[in-house]
Structures are given as structure tokens and as C-alpha cells.
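You will see two complexes here that share subunit A, one where it goes with subunit B and one where it goes with subunit C.
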Partner chain A sequence: MLELWGVLSLTSLGVMVIFLFSKIKSSFAESVKYAGYMNAVLLSILLMSDESEMLFLKWEWVKLGGYSLMISFRFDLYTCCFFVVGLYVTWNILMFSFYYMSTDPRIDLFCKYLGLFLIAMLLLVSAESLFQLLIGWEGVGIMSYLLISWWYARSDANTAALQAIFYNRVGDIGLLIMLMWSLVTLGDWSFTGLYALDFVNTFFLLGVVLAAAGKSAQLGLHPWLPAAMEGPTPVSSLLHSSTMVVAGVFLLIRFSPIILNHKEIQLMVFFLGTMTTLFSAICALAQNDMKKVVAFSTASQLGLMVTVVAGAGAPQLAFLHICMHAFFKAMLFMCSGGFIHGLQNEQDVRKMGGLHSAAPITSVCFFIGSAALMGVPFLAGFFSKDPIIEIININNLNSWAVGLVLIATSFTAAYSVRLLYFSVGGVSRMLVLQPMNEEYGNLIGPLQRLAYSSVIAGVVFIYFLSPNQISCLSLPLSLKLAAVFVTLVGGLIAWDVVNLLHREESVTNIPELAFEAQVGFYPLIMHKLIPKVWLNMGEMYQMQVMDRGWTELALPQGLGGNYKIMADNVVNAQTSLIKMYIAVMVMMGGLILGIMICL
Partner chain B sequence: MSPYISPLFSITMIMSVMLISSSGHWVFMWLGLELGTLAFIPILVWWHSSLEVEATVKYFIVQAMAAAVFFLGGMVSLSGDFMGGVNQLMGNIGDMMIMLAVVTKLGLAPFHYWVVDVVQGLNYIPGAVLLTWQKVPGLAVLTQLATCNNSSMLLLFGMVSALVGGLGGLGQTQMRKLLAFSSISHLGWLVVGCVAGSLLGLSYFTLYVVLSIPLFSILHMLNGGHLNQLRTGLMFNPLMSVLLGVGFLSLGGLPPFFGFFGKWLLLTHFVGQLLLGVSVVLITGTLISLFYYLRVSYLCIVVLGPQQIMSGLNWRKMQLSGLMSGLLVLNMLGLFLVGGASCLPK
Partner chain C sequence: MLIMILIFLIALLGLGLSQTHLLSVLLCLEMMMVSLYLGLGMVSISGLHYPLMIALVLLTFSACEASSGLALLVLISRSHGSDLLKSFNLS
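For the complex of A and B:
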């Protein structure tokens, strides 16, 4: 039964790939939807079946003397769950992009790109060997590049796409390290082979961390994520919810059994995650671009997932958060896209306000999404975020990092409330006569579907993705309520502060805000200062001193001159006089014979 | 001269090589060398132009002198002991004289002066025969002579040849002189190859012949004596001009082409036999010579000569397409040919 449905779901995915080539874009969206249904059935059968928890579908692709390259799909709980979530969210995003991109002349190609993006991600998630993972990984990278630079006439979009590909390339080094190490040491790329290792290699794990940090935009390799907002909103929506950025977290989840055996790496990932979550939350506080706020909130949530995967040792929770996050984050982006589209591509929250009366349904969805993001009890985010914070609270790795997570949690509430206040609430500050309008089925439909799932998905998913650690179920009241409490406090403070700042006489030029608005000056330092230093050094030392100086003098000029002198000697010997030739030859022959005799 | 007599000369030239390679005694080798030279001289003066006559006289004088030295060397070695067989007579002065004579006949580096002048005076076709087929008798003797006693001397000659061939061509603008220097450079590789193993020398020689004869033929067709004349080739016969450029790159030993694989094969064996210094010198010489090969290819492929504005490229002219496609296939399929050659005993 399980095998049968595995084959059927694979077939439905294959049909989806075939529909990718069809000329009618809505039929592709339909195929994504039905593939999602098939996989939902597969998931339920997997959950009901007792005898086997996992399903492999594999066949041998290439056999190279002793080493065989298998194509195999690993259908465990993670894969099946992610298939359902990814297909469902992508279907909605495709429908949304019919609305958002309806005036784009290349909308068909756009939908194909989105489909390829999804397929690469599904390949990544279902990969059983590192090689297959690499294919999906690079596919996601390429498609993100193409999609972010969709409006290629804008230089910002091109810059953002290049940032994405460069930072991801740094991360890909980590993946290549993993591949090389496992090929050289094990001769095997399959996960089963790697799990069976009884020793843990630091080098390999550092590769895992680097790869995950690059893909999931952890601190240090993060600037591409907010920059990727230059792409169309459906792209941001897909990129931030169910593809690309969660790939790094997913890699960590796949390798969590190995990471958890290595204390130092575990601590390192823990710090990386907490710092990312706090830094991104701080940056999100002062952004005025609507999509940037949502983007930084994604980065912050990714940090939280990374934290819990290693720090708390609960990969199930991280995965649960991936799924929940996919629902409400896709919806948040769609809502922003609706606002932005309705306001004729105005992204600045200072020029919004009062949208609750102009676009009530979108506003309600935006509120639900923000509430789910904050972790308001019994919405989707609550079921993943609350256990995460509880489980981090009770672990004994590092109390400083735990503190950072709590602060970041309160900041989540703060920037969400601020964003809601500026865009949805208050009075309208937009230009007059905006064609704000919700009468589009492709806008409202996906929003409603995702809003329903943002409300109920947590209740459904917690049944089969509950954490293995039982300890978080019995906590003292103070720790149990910590997450809700800090969220409440953060939200209230933010509400007050925003109210305060919104008055006419209030001080608006706060120097501390510059750090946040400039996102920690990181892009300024990394993209401007350091390249400038390198370029100057290259110009001064390499270019002027070496390339146009000494090496030029010594090698091209000097060698050329010397060869010319030698060549002149050789050519001058060609006197065209046979007498001279014979004389030289006889002398040379005599010399050689003389040397031979003397020796 | 009557064309009916040329088969006689050709057959005599072939017979001379067979005589040399089948004989074990120096007298018959000398006889074969002389026969080959004498049969070749009428071909050299086929058209009776003054340049040809001068070149032929120079060729004859040098060959005759070398033959005399060869005979003298044979007599000297005969006077040393009376065992007669060449292979037993190594290391003494007579043997060295024979070797010097053969080297002179081949035109190896310190004795190369005549090659450039003679080739410059000849047409392309006799020049091609001189630089390819007429090397066979000398090489046949040399492979029988090359043993441990004089191999170091041959290695030295080979290295000097590669360098001189590279340096001499640098400033040349005459195509025939350029080809002569290129031939000297290749001869250096060839001789070192002969020392490293006679089959290596044979395969490299085959490669050189196969590469250079189409080039000589194309040059003969384009009828360009000066480097600048090649520029017009792209206008009048673009395919052939491009193939000429590609052929020169191959002759220079640039990696994707056939010529590279011959050098690679030789280098593999040189390094295997620890001839590291020799390899470095040979590569240096080839690197220098690559400069003028590149210049020729540049003129053939990249540069358009002065032309009328309205005249387009003449892509339809497909003269001698068999020759051209042969050259092209040869240059592209080098890998397969060398794959067979690499099965040679090391």
C-alpha cells in the first residue's frame, strides 16, 4: 500500500513536470494542486502504517567500478510532510502570481520558473544521497538567481540576484566539502551510509554548517536575503516560505543526528542561530520597506529554527516550524503584495496606513499572519514556536544564548505590531485616488486558503510532529509562560513607542535607529568598504607595482628583448654564403671530434 | 625535363631508404645515402629557375661534403679494427665522424645553416620533399647509430636544434624560411625521440610528415612567399586559409590539436626516462616557436587584407576539399591516433 502510494505520488510529480511544459499556465497550477492532494494521501497512509516508517524508492543510475550512483528518494515523515506543504503553498502562490503578474508579458515563463524552483526544492528534500541533494541545491540557487533578477532592467534587481548567487556560492563550498569528504573517506554519498558512521568528523560538520548558513542566510552570509526583495512578490513569497531559505535548515535537520554527537559544532550552530535571530529581529524593527520587514522576520525565524535544531536537539520542532512558517509567511508576503499592487508599487509603510478599510480581507489575513508569526496561542505559529522557546529555555547549553532568543521573541512581536500599526491601522497617508481593490479571485482565494491553514495547520501537524523530548511538557509556570509573556511585553511596548513616535512633536532623528535602518552597517562594510580596500590594494600593488611595473619589465618586455637579441644572432648566422657555412660546420665538427679525443 | 623520368627518381629515392634500413654495414648505408641524394637533385632543379639552381648547388655541395666525411669516418673505423659491423664500432672517432656526417645531412642544429637557404630557394613541393622524405635515410642511419656512447651528443644536438629553430623563426617574414626553422625545431624533438626509443622517433616523424605536407600543399596553392601575402587568403579562399591557420597551430603543438599529442607522447617518455633537463629545453624552444606559429595563424584566420568595400568573403570556393577535410579531420582526431601510438612499448 505504502509503496503503491509512493509510486503514485512520484507519478503525480512527474505529471507536474510534464505540465510544466504546457502552454496553459493554469493547467500547471492545477497539476501542482492535484500533486499536493496525492501527497496528502501518501502522508496520511504513511502515518497510519505501522510496520514501516520510511519508504525508499531507488534504482541504480550509473555503475562505476565498485561505486554505484543511485537515484533514490527518501520518503520519510519529513519528506512527505514537506511535499504536502510545499505543493499546497506553491499552488497558492502560483494562483496569486496570476493576479500579481497579470500585466507581465512573460508571465508564462515566470510560472515555469516558479515550478522549476519548487521541483528543485522537492528534489532536495527527497534526496537520499548527497549527490541528489547537490542537484536540488544548485537548482534552487540557479532558479533563485533567475527569479530575483526577473525585472532585469532594474539594476537593483540584478545586484540583489548577484548577491544571492555569491553568498550562496560561499555556502556551496560547504556542500562541496561534504561531498568530497564523504567520497574520499566513505566512497558513499547516501544518508544511510553517513548516519551509520560511529565517528564524527569536524571538517564534514563545518561543511554542513557553512552550507546551511549560506542557504538559510545565517549571520555573516545574511545580506542576500533582504536584498532578494527586489524580485517580484510571488518570488519573495515562495523563496521565503517553502523553498530556498529553508533548504539550509533542512540540511541541518537531515544531519542533526551527527551534529548532536559533536558538542562544539552543536554549540557553534546554537550561537549562530541565536545571533541571527536577534540581529535580524533588531534590523526588522526600523525598516520602512514593508517587504524588508517581512524578510528580516524570515531571517529571524530561520535563526530560531537553526537554534532549535542544534541547540535544543529537537529537529522535529524545527521542521514543524518550517511547515507552519511556510503557511503564514507565504500569506504575509501575499498580503504585502496585495497592498503594494493596490498602491501602485508603493512599498514604504510610511505612505500606507488605514488599509483596514480599503482592503479589509487582505488586512485580516495580514493580521492573522502576524499573529501566527508572533505565536499568539492556538494559531499555527504557537504550536511550533512555543515548544521551541520552552525547549530552549530548559536546555543547559548556554544561558546567554537563551536570553538572546527571548529578546528576539519579544522583538518579533514589536516589529509585527509596528508593521500592523503603520500599514493596516491608523489613518491613511497614501496618495489620493489609489486603485485599491480586492475584487480579484486570484488575490482573495489564495489568501483565504492560507489564512485557514495558518489557523488550523498547527492543530493538525502537532499530532504527528510532536517533539521526542517529553521534558518540555512539564515546566514551571514561569518558564511555560515565558514565550507568551515576552511576546506580550514586546507587542505592548512597540505599540506605545509607535504611538509616541507618531506624534508631530516627537523626536524622529534617533541616532540608534541608524544602526537598525542600515541593517547593522553590514552591507556597507562588506559590500563597500572591504571591496574598496581590496581594490585599492590591487590597484596599488598588483597593478601598478607588479603588473605594469616589475613583472612587465622582467617578463614580457625583458624576455622579448632577450629573445630578440638571441634571434638576431641566429638569423645573422644565415649569411647565404656556402663557404661560410662549410667553414663553420667544419670548425664545429673539428671541435666536437677534438673534445671526443681529449675525453 | 621530361616528366616520364620522375618515377625513376622517386623509385630510386625509395630504394635508397630500403637499402639503408636493410643493411648492417656502413658502406651500404653510405651508398644508400648517396643514391638518395643523387636521385633527389634532378627533382630540385625541375623548373630551372636561378634560385632553384643556386639552392641545388648548395644542397649538393653540403651533401657531398657530408658523404665524404661519412666515408672517411667509415674508413677510420675500419682501420681501428676489422670487425666491420657498425654496431660494434661505437665510441671511437670514426663512428663519431659518421654521426656528424649524418647530422649534417639531416640539418641538425649546429649544422643547420644550409637547410634554410636551400628551402628558401625551392618551390613548396620540392621543399616539402626535402624536409620530409629526404630525412628518412638520415634518420634510418641515425636510429642504428644511436647508442649510449653518442646519445648524449645527440641529445645536445636535439636541444640546440629546438632552441635554434625557435629563435630563428622569430623575426622571419619569409614563409619558406619559417617552415625551415620549424622543421629544424621539430627535428630536435625527433632526434631526442630517436634516442629515447626508435619507435618514438618514428611516430613523431610520421606525425610531422602528416601535418606538414598538407600545409606545404596549401601554401603552394595560395602561392604566398611572404607572411603578408597570407592576409589575402581569407578573402579569396577562406576555408583553406582558416585550415592553414589551424594547421599551423597544430604544428606548433597547441593542445586541442593533433600536434600536441605527439609532443605529449614524447614528453611522457622523456620524463619516464628522466630526461628532465632535455624536456625543459625542448619545451622552451617550442614555446618560442609558438610565437611565430601564432603569428601565422593570426594572419591566416583573424586579419582581413585590404579589400574593396563591396566585396564579400568568398565562402563558396571549395577547391581541394578532400585535402582540406583530410587536414581538418587529422587535426581534430589527433586524440584517437595518439591513443594507438601510446600503446607503443616504452
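For the complex of A and C:
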């Protein structure tokens, strides 16, 4: 039964590939929807079956000497859940993109790109062999590039897409290290082989960490994620919130049994995640672009996922958070898209306001999404975020990380409240005659579906998929309530500060060059200062040493100049005058004759 | 015999180092030929050989050569416009 439905779910993947090429763009969306349903059936069969926990499907692909590459799929709980969530969210985003990109002449190509991205992502999560993972990994990277630079005539979009490619490429080095090491040690690229090893090299795990950091925008490789907001909103909501950026976390989840046996790497991942969470939350407080705030919020939640995978040893909680986060983050992006379209492509929150009366459904969904993000009890985000924070509170690796994560949680509430206040609440600051219209079926339908999911998905997932790794069954009351308390504090303080600003008639007083507003000066240093230093060094080298410098004067001009002078003198003998040639001939002849006579 | 070598060398010098007048080259050429003829003739006077008949052949050939040289003179002075030796160039 399981194998039958496994094959059927793969068939649904194939059907999606076929519908990718059809001229009717809604047929692909329908195929995504039905694939989602079919995979939901597979998931339920997997859950109900007692004896089998996962399903392997293998076909031989290419023979390479003694070894043959296999197309191998692995359907375990993570894969099936992700299939269902990913397909559901993608269906909604496709419907949304029919609304958002309806005036775009290349909308068919857009839906094809989204579909190709989805297929690459599903290949990634169902991969049993690291090589297939690489195929999916590179596929999502390429589609991310193509989609971010969708409006390719805009130089900012091209720069952002190139940035995404560069940072992802740095992460791909990590993935290649993994492939190389496993081929050398194991001769094989399969996960089962890697799990069966009893020793794993630090080198391999460093590769895992690098790959995850590159793809999931951890600190150090993070600037591409806010810059990726240059792409259209459906792209932001599919790639850079729900699906692509969790590929790195997914990789960490897959290798979590190995990482948890290795103390140094576990500590490294823990710190990476914690620093990312806090840093992104700080930067999100100071952004004025609505999509950038949501992007930094995504980065912060990714840091949280990475923290809990390694530090607290609960990969199932991280995966649960991936699923919940997909629902409400995609909805947040879609609400932003609705606002932006209605305000004639105005993205700055300082020019929005009072949208609760102009666009009620969208703003309600925005509120629900923000509440789920903050971890308001019993919405979707609560069921994954609260256990995560509890587990981090009682971890025995580091206690400074506890403080950082709690601060980041309070900042989550703070920037959510700020965003809500500036856009949905308050007084309207937009231009007077705005064609703010939200009565589009393709906008309201996906928003409603995702809103319902954001509310009830938490309960559903916990009921059916309760993680069996929750180890904090007994906590002191203060730690148990720490997350809620910190959220409340952050939200209230933000509410107060924002109200104060509003009353003092300056809408924002964040200086342009502050630490937060400039994303910690990281892009300035990495993208401008360091290349400027290197380029200046190169110019100095060229001007003073090599091409225009003393090396050029010494060797080509100097030695060559000497040869040139000598050659000039020699060339003087080579007149084309006949008289000269005769004279030389005669003189030589006479010389030889004289010598012959004397001897 | 030795003086003929000297005359030959002087004529050779005159041929090689002349600067003007192509005709002077031809005259020096004749002088070289005459010195060779006289040298061939003086070989028999020292009493060791009978007179070499090759001298007559040399004289004949020198006359032909002089006539062809004069034809060349005419052609060159027509094509180059003058007979100044310094101005003859290959290009």
C-alpha cells in the first residue's frame, strides 16, 4: 500500500512536469493542487502504517564502470510532510501570482519558473542520494536567480540575483565537500550509508554547516536574503520564505544524528543560529520597506530553526517549525503583495497607514500572520515556536544563547507590532486617491486558505505528528512562560514607542546610517570596502610596478631599448643601394684574394 | 706577373668604390679583364710554358661582356633616369 502510494506520488511529480509545458497556466496550478492531495494521502498512509517508517524507491540511471548512479527517493516523515506543505503553499502562491502578475506579458514563463523551482525543491527533499540532493540544490539556486531578476531591466534586481548566486555558491562549496568526502570514504552517496558510519570527519560536517549557512542565509552569508526582495512578491513568498531557504535547515535536519554526536560542530551550529536570529531581528527593527522587514523576519526564524536543530538536539521541532513557518510567512508576503499592488507599488511603510479600513480582509490576514509569527498562543506558530524556546531554555550547551534567543523573540514581537502599526493601523499617510481594491478571487482565496491553515495547522500537526523528542516535560513556571512574557514585553514596548513617535509628528526617527538600518554595516564592508581595497591594490600594482611601473621600464624598455639601439646601427648597413652591395662584395673579394696570396 | 695582380686589385677597388658614372664601373671591369689577359700572356714569357690559348678566349669573352655592359648602361640610365651609382636601389 505504501509503495503504491509512493509511486503514485512520484507520478504526481511527473504529471506536474508534464503540465509545466502546457499552454493553459491554470492547469499547472490544478496539477499542483491534486498532487498536494495525493501526497497528503501518502502522508496519512505513512502515519497509519505501523511497520514501515520510510519508503525507498531506486532506479538505475547511468552506469559508470563498476558503480552506477541511481535515481533514489526516500519517503520518510520529513519528506511526506514537506511535500504536502510545499505543494499546498505553492498552489496558493500560484493562484496569487495569477492576480499579482496578471498584467505581465510573460506570466506563462513566470508560472513555468515557479513550477520548475517546485520540482527542484521536491527533488531536494526526497533525495536519498547526495547527488540527487545536489541536483535539487543547484536547481533551486538557478531558479532563484531567474526569478529574482524577473524584472531584468532593473539593475538592482540583477545585482540582487547575482548576490544570491554568489552566496549560494559559497554554500555549494560545502555541498561539494560533502559529496567528495562521502565518495572517498564510502564510495557511495546514499544517506543510509552515511548514517551507518560510526565515525564522521569534521571536514564533512564543516561542509554541511557551510552548505546550510549559504542556502539558509545564516550570519556571514546572509545579505542575499534581504536583497532577494527585488523579485516579485510570489517569488519572495515561495522561495525566500517557505521553501528554498529551508533547504539548508533541511540538510541539517537530515544530518542531525551525525551532528549531535560531534560536540564542536554542534556548538558551532548552535552559535551560528543564535547570532543569526538576533542579528536579523535587530536589523528588522529598522527597515522601512515592508518586504525587507518580512525578509529579516524570515532570516530570524531560520536562525531559530538552525539553533534548535543542533543546539538543543530536536530536529523534529525544527521541521515542525519549517512547516508552520511556511504557512504564515507565505501569507505575510501575500498580504504585503496585496498592499503593494493596491498602493500602486508603494513599499515604504512610512507612506502606508490606515489600511484596515481600505483593505480589511488583507489586513486581517496580515494580523493573523503576524500573530502566528509572534507565537500567540494556539495559533500555528505557537505549537512550534514555544517548544523550541523551551528546549533552548533548558539546553546544557550555553546559557548566553538563551538570553540572545529571548531577546530575538521579543524583537520579533516588536517589529511585527511596528509593521502592523505603520501599515494596517493608525492614520493614513498614503496619497489620496488610491485604487486600493482587494476584491480579486485570486487574492482573497489563497489568503483565506492560508489564514485558516495558520490557525488550525498547529493543532493538526501536533495531534498527528507530535514529535517524540520533546524532552522538557517538567519546567519551572518562569521558563515555561518566558517566551510569552518576552513577546508581550517586546510588543508592548514597541507599541508604546511607536505611539510616542506618532504623537511627536515624526513618523520615524531611525537615522539613515545607523547600525540596524545598514544591516550591521555588513554589506557595506563586504560588498564595497573590501573589494575597494583589493581593487585599489590591484591598480597600484599595475600603475607602479607592472604595466605602467618600473618593471615595464626596466625590462622591456631598458634591455629592449639597448637592443633597439644596436639594431638601429645594424640596420644602417642594410641600404637597398646596389652600389653598397657591390662595394661590400668587392672589398670582401679583395680581402679573400689578398689572404690567399699571402698564405 | 705580380704587377698584374696589383693592377687587378686596383681595378677591383675602382669598381667597388666608384660613386658616380656607371661607365667608370664598366671601364674598371675592362681593366680587370685586360690585366688578366696580360697576366695570362706573361706566364709564357718567363720561359716555363708555351703560350696559353685560353687568353684569346678570355679576350673574346671580355669583348662580349663589354658590349652587354654597354647595353645594360643604356637600359639602366633609361629606367633610373640618370647614371649616378649612389642612387641605384633595389626597391
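Everything that follows uses one rule, which is that the second predicted complex is superposed on the first by the 528 of 599 C-alpha atoms of A that agree within 3 Å, B and C clash if a C-alpha of one lies under 4 Å from a C-alpha of the other, contacts with A are read in each partner's own complex, and residues count from 1 in each chain.
We adopt the following convention: a contact is a pair of C-beta atoms (placed from the backbone, for glycine too) under 8 Å apart; a residue touches a chain by one contact, two chains touch by 3 or more.
No experiment lies behind these values; they were computed from the predicted model shown.
Asks: Which partner does A:Met585 contact after superposing on A: first (subunit B), second (subunit C), both, neither?
Replies: Touch status of A:Met585: both partners.
Asks: Kindly classify A:Met596 by the partners it touches after superposition: subunit B alone (first), subunit C alone (second), both, or neither?
Replies: first
Asks: Where does A:Val571 make contact in the superposed view: on subunit B (first), on subunit C (second), on both, or on neither?
Replies: So A:Val571 only meets subunit B here.
Asks: Which partner, subunit B or subunit C, touches the larger number of subunit A residues?
Replies: Counting residues of subunit A touched by each partner, the higher count goes to B.
Asks: One more residue to check, A:Tyr563. First (subunit B), second (subunit C), both or neither?
Replies: A:Tyr563 contacts subunit B only, not subunit C.
Asks: Where on subunit A do subunit B and subunit C both make contact?
Replies: 576, 578, 582, 585, 589, 593, 597
Asks: If you look only at subunit A, which of its residues touch subunit B in the complex?
Replies: Those residues of subunit A that touch subunit B are 563-564, 566-571, 573-574, 576, 578, 580-582, 584-585, 588-589, 592-593, 596-597.
Asks: Contact residues on subunit C for subunit A in the complex?
Replies: Going through subunit C, the ones touching subunit A are 5, 9, 12-13, 15-19, 25, 85-91.
Asks: In their complex, what parts of subunit B are in touch with subunit A?
Replies: The touching residues are 57-58, 61-62, 65, 69, 93, 96-97, 100, 104, 110-111, 113-114, 116-117, 153, 164, 167-168, 170-172, 288.
Asks: Name, in rising order, each residue of subunit A that touches subunit C in their complex.
Replies: Answer in residue numbers: 575-579, 582-583, 585-587, 589-590, 593-594, 597.
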